[in-house]
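Chain lettering (A, B, C and D) follows the sequence in which the chains are written, and residue indices restart at 1 in each chain.
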Amino acid sequence: MSGTDKIGWSRQQMADRLAREFQDGWIVNLGVGIPTLCSNTDIGGREITYHAENGVIGYGPVLPEGQEDLHLVNAGGQNVSLNPGAAVVHHADSFGIIRSGRIDVTVMGAYEVACNGDFANWKVAGAKGGGIGGAMDLAACARRVYIILEHNTRSGAPRLVERCALPVTARGVVTLVATNLGLFEPLGEGFRLRELAPGVTLEAARAATGAALLAS
Amino acid sequence: MSGTDKIGWSRQQMADRLAREFQDGWIVNLGVGIPTLCSNTDIGGREITYHAENGVIGYGPVLPEGQEDLHLVNAGGQNVSLNPGAAVVHHADSFGIIRSGRIDVTVMGAYEVACNGDFANWKVAGAKGGGIGGAMDLAACARRVYIILEHNTRSGAPRLVERCALPVTARGVVTLVATNLGLFEPLGEGFRLRELAPGVTLEAARAATGAALLAS
Amino acid sequence: MGQKSKVVASFAEAVADIPDGSVIAFGGFAAPGTPYNLIMALLAQGARDLTCIANTTGGAHQPRMPDLGMLVENGQVRKVVCSFTAPGRPTDVLPFTKYYEAGEVEAELVPQGTLAERLRAAGCGIPAFYTPTGVGTEIAEGRETRVINGREYLLEYAMPVDYAFLRAHRADAAGNLQFRLSQRNFNPLMAAAARHVVVEVEEEILPIGSLDPDHIHTPGIFVQRLVRIPPEPEGLWPVRRKERVR
Amino acid sequence: MGQKSKVVASFAEAVADIPDGSVIAFGGFAAPGTPYNLIMALLAQGARDLTCIANTTGGAHQPRMPDLGMLVENGQVRKVVCSFTAPGRPTDVLPFTKYYEAGEVEAELVPQGTLAERLRAAGCGIPAFYTPTGVGTEIAEGRETRVINGREYLLEYAMPVDYAFLRAHRADAAGNLQFRLSQRNFNPLMAAAARHVVVEVEEEILPIGSLDPDHIHTPGIFVQRLVRIPPEPEGLWPVRRKERVR
């Protein structure tokens, strides 16, 4: 295990950093795993509508054990609550909302992100089959695609790369990436460093990244 | 005015004759005008679900003045009632029901019907524009297309013809035709006479028809 | 979500900023769901060079209620997109016809199911689809078709719109809408197809969260502006159809 | 309409005549809306050579509930069509994977929105449509694309099914259905895409006409058979998800 996945931001801090980019009134779709943590972030009075692939528009926090409504889950299968003004639609209408460009941002996990905006999150190397879920629809159609991932694999290989080695989820769509080392923007030729996590040096980030890193 | 449009069946009788073809459980769409009269016909205990283009599934009789619900009309804009078990959907779902072949029969008026199953009912000669409404969807997709029309124009010209002169609504779809003179089936080479209205002779029907008439 | 109210005080305010050249879809099938009050406001507001989408141009019946034909008569319309550019019954007369025949307004005639599906496609991010409707007819002339599983289909494109003018029965302040009976018709499709949705609402607009999330016909995320319809005579309400114009 | 009741007495009766080789769609997204009881009945009924369509093959969580994976394990399935043929999290394990990797079952992997839209298209008589989803990815390889207004789209075909197995919250005897909250998901789409629709219903099945016509998610004209779910332990009900299979 490389050192870089233990330094810098925690998973919640990565999620916090991206959540602070959310603007008032946005419709947000959070992927399974770390992205879900974005809904824990305090972003002041900004109103966010959380949309889930299964047609829930306006869900709220995960409910504590014993208070769950077993008819209501988010895209990760967690039993969530509903916020006032919520509405439920069927799956085709839900993906209609996605495809018609009404999701202001989708936040997803990934195995790899390339500086040309490609990313890969549905198929691991050598696997037969994969897990696409709603990721390809969201990636192709959301107004912004934010990615959260550890900066390096467990064996220390970079996940921010020049070109994805794994089959991509969509091409040229990623707008912002949070890793444990900081906040990055794919710029085509490389990643622009927008922010370093505390205790992370530019040199360390550069060494851990598989593409050019352009300091802002 | 020719004599043939005053002999034989009345408008209600034409509608009655077609309505008696309706089978138990059918979903039926009735066009504006004479076809609407089909819903007046007593066809015993057979259950018919009337579908209207505006998404009303299971409407009932037109309501008398003063008892109308102004939020509820059929495709002809008449204020109808709802039968028990009725449901309302939006326009895209309503035409989804039509296009997916779930309408057992659509009954429409027409200007012309050809023995090859073509018919014309949306545009009159020389007009700029036309009135298509739901007719082309219904004609192309209903399981059966029944047509009600006067056997001849006011000037005595045949409306049952070899080939339509007017722009067609759909090609090769008509399965049954009721006129004031009787009941006819387009057979490709001509019309098969299934039934003559009382007082109408085969010779009179043949003379009034613009295509071969094959006695059954 | 949606803690901010979308209620505006008047129809005039709701349509004040509609620019010339807009593409506007109008809900309604016969009387139910037709945004009479918003049409009146648009007549007064005066935007021109409009493309207007609706099932019909209206005006075939008495008493005549606000309709696209009035916008045409008022010189505001460049083009209409409808499933009837002539009346459904040849014995009816449409006020629109005179302007159309004189070449003062363009028209695109679209089968009703195709009109609904093109709006639905725009609202669902589907740029084009195939339909069996219209194959072999004049409306398919010169158009692209494709044989799929042995049957011929016509290629149709999505119909995105700038504004949708709707009439709903009930709404909460977040813009969640319920339509009553056949009032629903094109309204939810136009809401999804539009970038801006303006709704006249029949009942008192409810606090956010008052509507059952399972029974919302148009989610509030599609809606920008709501206006409560005042009682007659200030507000316009459907009337019983009296007789046909001959 | 619909004065005849569609209620049948048992799950076994509801699935008795499903022939080998059928294409069956199963509603549900995670637990809500999954027809556990109908899946159990199909396991017992034994139809083989099935093509099974659902969002997932199931089995990633404990306690395990009836899922497509069980039909695969039981040797009844020729092919699955899903948006996950591997788990969403690589650390999960799907019972299905072993059979898939051994070549004992075929799979077609479809993005979730495309799966929903292909079912919707089948239910609405649209044979094919274009979507932006999947363009430039492995799933588009060798497939037909088209540029519309400067953007590339993938051609997708309707996905008609023979049977839909659904779970609804409330129904009347005519087959009008209401789903509760996220139970709705794929269920109404599969109902429309299918020639035969079989529904397990959570609440007592109501007399025809008991449901508000404005708030029906699947009209009764789509539905052939309804079975009331008995209380536990005879009937299967969703349980709280405990832990993930590792």
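FYI, a residue touches a chain if its C-beta (ideal position, glycine included) is under 8 Å from a C-beta of that chain, and two chains touch if they have at least 3 such contacts.
Quick caveat, the model's predicted, so the values are computed rather than measured.
Trainee: Count the smallest number of chain-to-chain hops linking chain A with chain B, moving only between touching chains.
Mentor: Each step joins two touching chains, and the minimum needed here is 2.
Trainee: Name the chain whose C-alpha centroid is farthest from the C-alpha centroid of chain D.
Mentor: Farthest by centroid: B.
Trainee: Look at the interfaces A-D and B-D and say which one is made up of more C-beta pairs in contact.
Mentor: Contact tally favours A-D.
Trainee: Please compute the C-alpha centroid of chain B, do the same for chain C, then give the distance between them in whole Å.
Mentor: From the centre of chain B to the centre of chain C is 28 Å.
Trainee: With chain centres defined as C-alpha means, what is the inter-centre distance between chain C and chain D in Å?
Mentor: 34
Trainee: Of all residues in chain A, which are in touch with two or more distinct other chains?
Mentor: 82, 88-89, 92, 95, 98-99, 141
Trainee: Which chain D residues touch at least two other chains?
Mentor: 117, 124-126, 131-132, 180-181, 184, 213-214
Trainee: Chain pairs in touch?
Mentor: By the stated definition, chains touch in these pairs: A-C, A-D, B-C, B-D, C-D.
Trainee: Under the stated contact criterion, what part of chain B meets chain C in this complex?
Mentor: Residues of chain B touching chain C: 32-33, 52-56, 65, 68-73, 77, 79, 82, 88-92, 94-95, 98-99, 123-124, 127-137, 140-141, 167-171.
Trainee: Which chain D residues qualify as touching chain A in the complex?
Mentor: My answer: residues 29-32, 55, 61, 83-90, 97, 100-101, 107, 109-114, 116-117, 119-120, 131-139, 169, 180-189, 217, 237-241.
Trainee: What residues on chain D touch chain B, complex-wise?
Mentor: Contacts found on chain D: 1-4, 122-126, 172, 174, 176, 192, 208-209, 211, 213-214, 216, 219-221.
Trainee: In the complex of these two chains, what residues of chain D are touching chain C?
Mentor: 117, 121, 124-132, 146, 148-149, 151, 153, 157, 178-181, 184, 212-215
Trainee: Along chain B, where are the residues that touch chain D in the complex?
Mentor: It comes out as residues 25, 27, 47-51, 57-58, 82-89, 92-93, 95-102, 141.
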